[in-house]
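Mind having a look at this structure? Questions to follow.
So that you can tell them apart, the chains are marked A, B, C, D, E and F in the order they are listed, and the count of residues begins at 1 in each.
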Amino acid sequence: MEAVLALVIGVLGGAAVWLVLRPRTFQVLLGLALFSYAVNLFIFSMGSLFIGKPPIVAAELAPDLEHYTDPMPQALVLTAIVIGFATTALFLVVLLAARGLSGTDHVDGTKEQR
Amino acid sequence: MSVEMPLWAQLVVALLLVCSGLLVLISATGLVLLQDFFQRMHPPAIAYTLGSWCVALAGMVCFSVIESGPALHPGLISILLAFSVPVTTVLLARASLFRRRAAGIEGTPPPLSAPAGSASEVESPVASRP
Amino acid sequence: MILRRIVPAPLQSALLFALWLVLARSLSPGQILLGLALALLLPRLTAPLRVRARLRRPLRFLRYVATVARDVLSSNLQVASGIVAWPWRRPRSRFVIIPLELRDPVGLAVLAMVTTIVPGTVWSEIALDRSRLLLHVWDVNEEEAFIQRFKARYEQPLREIFE
Amino acid sequence: MKPELAHLIVVPIVLPLLVTALLLLLGARRRRLGSLIHVGAALANLLVALEILRRIHADGLPGAVKVYLAGNWPAHFGIVLVADRLSALMLVLTGVVGLAAAVYSSAAWGRVSVFFFPLFQIQLMGLNGAFLTGDLFNLFVFFEVLLAASYGLQLHGSGRSRVRAGLHYIAVNLLASALFLVGLAILYGILGTLSMADIALKVPRVPQSDRGLLHAGAAILAVAFFTKAAMWPLGSWLVPAYRTASAPVGAIFALMTKVGVYTLLRLSTLLFSSSAGPSAHLGGAVLLYGGLSTIGFGALGLMASLRLGRIAGFSILVSSGTLLAAIGVGEASVTSAALYYLLSATLAASALFLLVELVERAASGEESPLRYAQLELDEDTNLDDAEAALVGRDIPVSLALLGLAFMACVLIVSGLPPLSGFVAKLQLMMALFNPGGAQVAHEPTAVTWCFCGLLLLSGLSATVSLSRAGIQQVWSTADHPARRWKVVEVAPVLALISAAGWLTLSAEPVLHYTRAAAEALYDPRGYVEAVLSTKPVPGPASGAGEEEAP
Amino acid sequence: MSSLLSGACTFALGSYAVASVVVVARLIGGPRAQDRVLALDLLYLHGMLAMLVLGIRYQSDIYFEGALLIALFGFVSSSALAKFLLRGEVME
Amino acid sequence: MPLAGLLLLPFIGSLLSAILPTRARTVLAGWAGLVSTAAAAWVLLLFPRVKGGGVLRQEIEWLPSAGLNLILRVDGLAWMFALLVTVGGALICLYARYYMSPDDPVARFYSCFLAFMGAMLGLVLSGNLVQLVLFWELTSLVSFLLIGYWHHRVDARRGARMALSVTALGGLALLGGVIVLGHIVGSYELERILASGEQIRAHRLYPVALLLVLLGAFTKSAQVPFHIWLPRAMVAPTPASAYLHSATMVKAGVFLLARLWLVLSGTELWFWLVGGVGTLTLLLGAYIAMFQHDLKRVLAYSTISHLGLITLLLGLNSSLAAVAAVFHIMNHATFKASLFMAAGIVDHETGTRDIRRLSGLIHAMPITGALALVASASMAGVPLLNGFLSKEMFFAETVFLSSHPWLEVSLPIAATVAGVFAVVYSLRFGYDVFFGAATSRLPRKPEEPPRWMRIPIDLLVLICLVVGVAPARAIGPSLAAAAAPVVGGELPEYDLALWHGFNAPFVMSLIAIAGGVLLHRLLRRAQRQGRFNEVPLLARVNGRRAFESLLVGLTRLSRAALRVVATRRLQPQMFAIIAVAVLLGSASFRGLPLTWGHRERLPASPAFALFWGIGMACALGVAISGKFHRVVALILMSGAGLVTCLTFAWFSAPDLALTQLVVEVVTTMLFLLGLRWLPMRLEEAHRSVGLRTTGRRARDLMLALATGCGLSALSYALLTRPAPQSISPFFLHRALPEGGGANVVNVMLVDFRALDTIGEITVLGAVALTVFALLRRFRPPAESIDRPHQQQALPADVVTDLVNPRATDDIGRGYLMVPAIISRWLLPVALLVAVHLLLRGHNEPGGGFVAGLIVAVALIMQYLVFGTHWVEARVKLLPLRWIGAGLLLAVMTGLGALAAGYPFLTTHTLHATLPVIGEVHLPSATFFDLGVFAVVVGATLLILTALAHQSVRAHRRPGARGQRSSAAEAS
């Protein structure tokens, strides 16, 4: 399963990079959003992944990494998700403003430049 | 995980789960198989209703047995679904009607609200989004 | 009247209270107290957006729910078998226009929910004056019979309940 | 530290946030009160920073470090705020520039949008936090805080070119932030900790099989900082973004690349110190050559620019490159000089950004500098034939002050005597030629020559370009009737210049300080020990004292 | 966890996964936007069902809230999409 | 008395004059003159102490740790220059009082003037090379201000800029040279450096140091090819020219050469470089001077020539020549200053400086004429004047040089030729202006200037005469004192006599004078015929033009270069960042190969493999459809988001799953709101894709692949490694007992890492504010100002159920009837769920973030079905208040700990036993989470509603068609 997860992260990241390098603002936006998925999964995969061992401590289990998954990456990802959402929103609005002001959705605000 | 369920409960839960799996498979198959969009709107209802009811029931049985008390919360999901799914369906069907009329697709009924005689709610077929 | 002021929407409050207990998965005094507080508070907070409707015949409504549940089961099987049999037998799907007598928006909303959760019918369009409903039906033999059955089974009870 | 003032370290973070909340709750109605709070908070921020610096310096120890355990959790578990000499210095710099920009902005900028002041305060909070934090992920968060505010500030006022530049600025920074996270995640995956001090302890013990990954993580992390520090070729975003920003924003932005530089300095000395085993001095060459090429790039840009705004932007690039290269050299003496340079360059660049706006306000409607460049070649007036009279013109006091301030900026930016820019470059070159002090024989390497040559060359190109633009845009301003500049606009400029002047006069104590800061950086044991040995306050909330090894 | 239950869970999860793959064919293939919206809605449902089954599989309540949220809010995205298709703007 | 006083005197004077009334010219001139005179007197009084080789020294601490202190040091050379500077200054002040127009606000002039004097004094008194550089640049700067004094004149601005650019170049080079010298010697102190001549000349870096120092000296002293700035600097007011460009600033270069002569000279390199440049400058300057028509330019080029002469003398590696150089420095200062002042008087009285227009002025101003004639004779090297003496010494040096044979011949010839030229330009200045027929075609009628204006010239010319007649008596001791330090204290044998016999130098002088007179006649005749009005051979060479071309060329070149190394386009920037990351990332594995770990692998789950396959398909789909099919891309992205969410759920991260899910919903809503304003892109049917585009796409694809592979490899490597010795067990251990919560992730957010959370909500708030501010000024694209095509497609007169909620108050109509009722039913449910998740968050999955997002989504859903107007007419949301209050609550919760003596954000738990409820634990973290909740609600609502408001605004915007048709729509 590790290989598949790694593959997912890679594909998300690769697709994001491709989009980020495109000349249309909306593509860049999509790319940045996809990249944040990739990054979030990447951070998440740094903790030792376990199934069915959420970091919600119960009295009967010893509080160690045998019985619970690593909470740290989760806390980091949680913060990253929210920040990612905020920045995505911001980029979207800036993109709209740029489209309105420059009359084109090219990232450089110039007309066709393929 | 510490509690082992009695066999009857296991059987019930397993049966419900298998049913749900099969129903969901069927509904998905229908979505791909059927040719017309409005026809395709029917199969998901299987998954929304019986497909999820089975799982919810399985959950209720399972957690009631484990916690040795009535666990109603999985059932909540089915109720909530009954409320939320119609919103999408109603809007989506209406949108589809509109788009089909705009694209001038055969077999789309005329708008209900327009007075008799005006065939379309749109002036001319507009280029619509894919 | 004082009770009315404290509990402006008793049904809503009751449902919310029940919902809270189910969510909390506990019947501890604390949760009950909290649930009560929320059940009283939330309807107030959302008062400007509350749906004003009266459930005139609650028992009739419960029977109606049972009918729908039964129909859901049978329709599920019908549609599922229709899909499985699709390569051999195509369902006769078509649009059906149903003349409506039910005008209450809440009743109509319930009707929409019913058509949605019962497989085989899709609520497609309602006339602006709520006089006609466009349904897409999965498999219909005789249109008139279907209309009659639909009105009797789903619309008529709602008129009794809400109007 | 006296117990009653133990919380001083957290004030630079909490105060701006509190003010932000207040300003938001105050709403748009009470502008005057709002701008009063805004300026007052900036002043308080500076005072607190000064007090922190004073306390740290008063310790007199080589590795004076004050540690604050936010949340009362021991260092490598909770987030720890660390104020050492370097942090304190950056805090003070932030305080000075922040106050100047705040005063300047109180003139008119708040009126344009009610959100200017809150965003400004958030920016201050982000800067202070980034300089104080001792936790890698918290650093990311504070980076995001200062960036989020900077996006808003950069876009402040909207307009086509601004939004376009902002789009690029945001896109680039979002990408860099993503890389930051990737790098950070790898470091966590290998080391299992986020506390910088703890990382410094663990890096030498990383097994050989994991070291490649560790280096890759550090490299990706570094690329994020390179981008934020505008290292060539990752810094093309800077000039348009800074040029289009409004004046007080540009002034505070002058600090932002310095955050990247600060972080690189902090992390490279902490993680890859000489005691880091096989990873010692990792990436020094990249920093050095990247920095050098950035100086060259900045010098080119200066030469190519006619508009003051662009020139100010490129001068930031030059300073960024200089700092990066100086860090890349990896010698305490060079770093010490670089810190002095950082102070001087930041003050000058901030003043320049404020000036640009004042000048451009006066010179609006002037002929375009581009046409001016054309003109230069075309005509060749004989001295006698010039029509203008040989009688001087009056220069209003405000303009004279402004002109002098501009000149001072030119001097500092290009490193001409007698102001701090000269001292800084001199110190840098002296340190490069004699890293071990004047008495230690040392053969200058090609890099030394290259570095010094670029320093001088960039100075020259700054002189040429600033004098060209200055003559065109500042001097010709004198032809116009008196302009309306408010005292609150001119005063911050003069204050920043005076601060630079003070730096020159007090070069000895300042350099003494930076030397101590640099030496502590290159011997991070003090930092690590101080952080890891700080105990939580014992009490019911935190079972302190019974701290156990991870 | 008995092998019977875990087998049933695996079967259910597998069915959902296969069903989702089938649905994704519509999601990607369309042909029209309404098909994709419908497919997305269904995909969310499958996700919800998968969470519930995971809850049963690991006999843990923590998956329930996820499912609850999908049941409560899964429709918001698809309704917004549908409204967008119909009116060209989400909020008028 | 400390020397610092002498140095400070002019600076204090400068500051004072800046604040004196700006038109009080007599007061100002008097003040400046007083200061200069005092300084001059001070300097004069120092003579006895430096006469016998004594050195005065004062050290002021500046940067002791770096070995840099301000050292004021007076030896003979410094004394001589200080005298030139101060006495010259005093004379010029007097002159300027009359020269400057009464209308001129001269405070600035005197202020700069005195500042310049101070800088120059600082330069010559420097006992430390760094300090010398400091004052060196200061003179450049102040001279910039003086040259550009009349800054309203374009030539003044340009001249000033050119001077600054050239001398700044030199100054920076000099700084480099000084650094190298300091590196060689280990100190920047002049005395240590002067004592280390051998060491320096033998050092490997000597050539570098020499070149850099010479670059400084040559630019300052206007040596070819850096001479171009000097003629252009003549736009300065004449008093400034007389001061800066005769006696002081231009002498700084030769002063430096003399100062370091002991250390740097004596090598072949020195000889060729200094001598060569000097010779060239001598000849070229004199040559060009002959053909100038502007009096001041004649003087400027002659100054260049004389500076060349001095340089040449210093370059000859002979101590006698060095003495001659020092002597000529003094002589040149006297006659050139007086000539400048005379030129100023001519200009002042006649209104022109054009030699061609001036003639026979001797009749109108006989005394001035006489003085000018004497001074120009001195410049020409006529016997009985001081210029003759030093020139004779120069001729002698060229004759007695022992070097290559060809040089031994050609150098005297060159010197003689330069002498001839000097006579010619001197005649042009003296003869052409004052003799000949008096002309009446002048702008002003000339007459003698005020008597006091002439006094400085009187004095200087007197010095010329006295020195010329009785050199040994007049100047001997001073020269000896000044020259001794240059050559190291041991003066060579020389004889300051008027008559050395009929020797080769004398013959050369004679030839020069005779040849000069002859050449002048020829030139005069030719110029009358209209020839030789331009500099022959060099007419096309224009220094200024060359300089400007150089600058413009450099500017253009750097622009071209900038286009290569920088970009204003986004794509290359993004490419660079990713590429550098990939490159550096892979370079890290050089020598440390990437290996997979041995952690026990996760059990295989085909179901999840399939789900992940879906995720990948969706991601690829987004990449493909992002350009033309935005809605499709959006839908596919939701798919990828769902898979991410499932992954979180599967791998035991319920909190992440919840948050991701709601964020997903909000993001979709956000994108759709945005798409409303993003005009559609239609795929062109036959779009030809150029080769360049294909290439770029291939390149991007490669990078995308590389990044993907890199990320995969990294994550696989880390996934397969055993978990590191993590700090996490601590959190698991402490969460419940000390953090007061069982949900460790939540406890981390609100307790262990609460500072992160504070930052995070601040980010959210900042972004919301930014979005709101930006949207207030939002101008939609022209294409989408109108209502969307779906709405336009509806004819206004057709009755439809597709009602616009803006147009009707009764929302129970049309297609929205059912959604409206259901979403209103769901609102309290959603709020209840939000409260549920908020309250349980500390112990079970949930928390402020999710709860806040849920509330926001529930409210946004109301916007969706009812429209903005309807909702906002009924519910006051005030998102800004939510943000402010939330931030305040979070911070105040954190600050609460301070009151108890604990650090910021320390959690406290309230344990209480209530009557019915029983035991209650209320951690302060709950309030913190409540703050988080409020900020999230406020920020999300602010962002989304701000976007939603655009539709309302667009509706109101004039020109939008919505206005007209909406009424019809409603009917």
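One rule holds for everything that comes next: a residue touches a chain if its C-beta (ideal position, glycine included) is under 8 Å from a C-beta of that chain, and two chains touch if they have at least 3 such contacts.
Nothing here was measured: the structure is a model prediction, and the numbers come from that model.
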{"item": "Chains touching both chain C and chain D", "value": "F"}
{"item": "Touching chain C and also chain F, the following chains", "value": "B"}
{"item": "Two chains sharing the most contacts, counting C-beta pairs only", "value": "D-F"}
{"item": "Taking each chain's C-alpha mean as its centre, the one farthest from chain C", "value": "F"}
{"item": "Centroid-based (C-alpha) most distant chain relative to chain E", "value": "F"}
{"item": "CA centroid of chain A to CA centroid of chain B, Å", "value": "30"}
{"item": "Chain centre separation (chain E, chain F; CA means) in Å", "value": "59"}
{"item": "Centroid distance [mean C-alpha coordinates] between chain C and chain B, Å", "value": "15"}
{"item": "Separation of chain B from chain D, taking each centre as the mean of its C-alpha atoms, in whole Å", "value": "57"}
{"item": "Where chain F touches two or more other chains at once, by residue number", "value": "568, 570, 574, 578, 605, 608-609, 631-632, 650, 654, 711, 714, 718, 723, 726-729, 731, 752-753, 756, 760, 763, 767, 770, 774, 777, 789-790, 799-802, 814-815, 818-819, 822, 825-826, 829, 833, 844-845, 947"}
{"item": "Sites on chain A at which at least two other chains make contact", "value": "20, 28, 42, 46, 51-52, 54, 56, 72, 79, 83, 86-87, 90, 94-95, 97, 101, 107-108"}
{"item": "Overlap residues in chain B, where contacts from two or more other chains coincide", "value": "1, 27, 29, 41, 48, 73, 76, 80, 83-87, 90-91, 94, 98, 111-113, 129-130"}
{"item": "Inter-chain touch pairs (all)", "value": "A-D, A-E, A-F, B-C, B-E, B-F, C-F, D-F, E-F"}
{"item": "For the chain F and chain B complex, residues of the former touching the latter", "value": "629, 631-632, 680, 682, 789-790, 793-795, 798-802, 814-815, 818-819, 822-823, 825-826, 829"}
{"item": "Complex contact set, residues of chain E against chain F", "value": "10, 13-14, 16-18, 20-21, 24, 27-28, 30, 33, 36-37, 39-40, 43-44, 47, 50-51, 54, 61-63, 65-66, 68-70, 72-74, 76-77, 79-81, 83-92"}
{"item": "Residues of chain E touching chain B in the complex", "value": "1-2, 4-5, 7-9, 11-16, 18-20, 22-23, 25-26, 30-35, 37-39, 41-42, 45-46, 48-49, 52-53, 55-56, 58-61, 64, 67-68, 71-75, 78-79, 82-83, 85-86"}
{"item": "Chain E-touching residues of chain A, taken from the complex the two chains share", "value": "51-52, 54, 56"}
{"item": "Touching residues on chain C, where the partner in the complex is chain B", "value": "19, 22-23, 25, 72-73, 75-76, 79-80, 83-84, 86, 91, 93, 95, 97, 112-113, 115-120, 122-129, 132-134, 136, 138"}
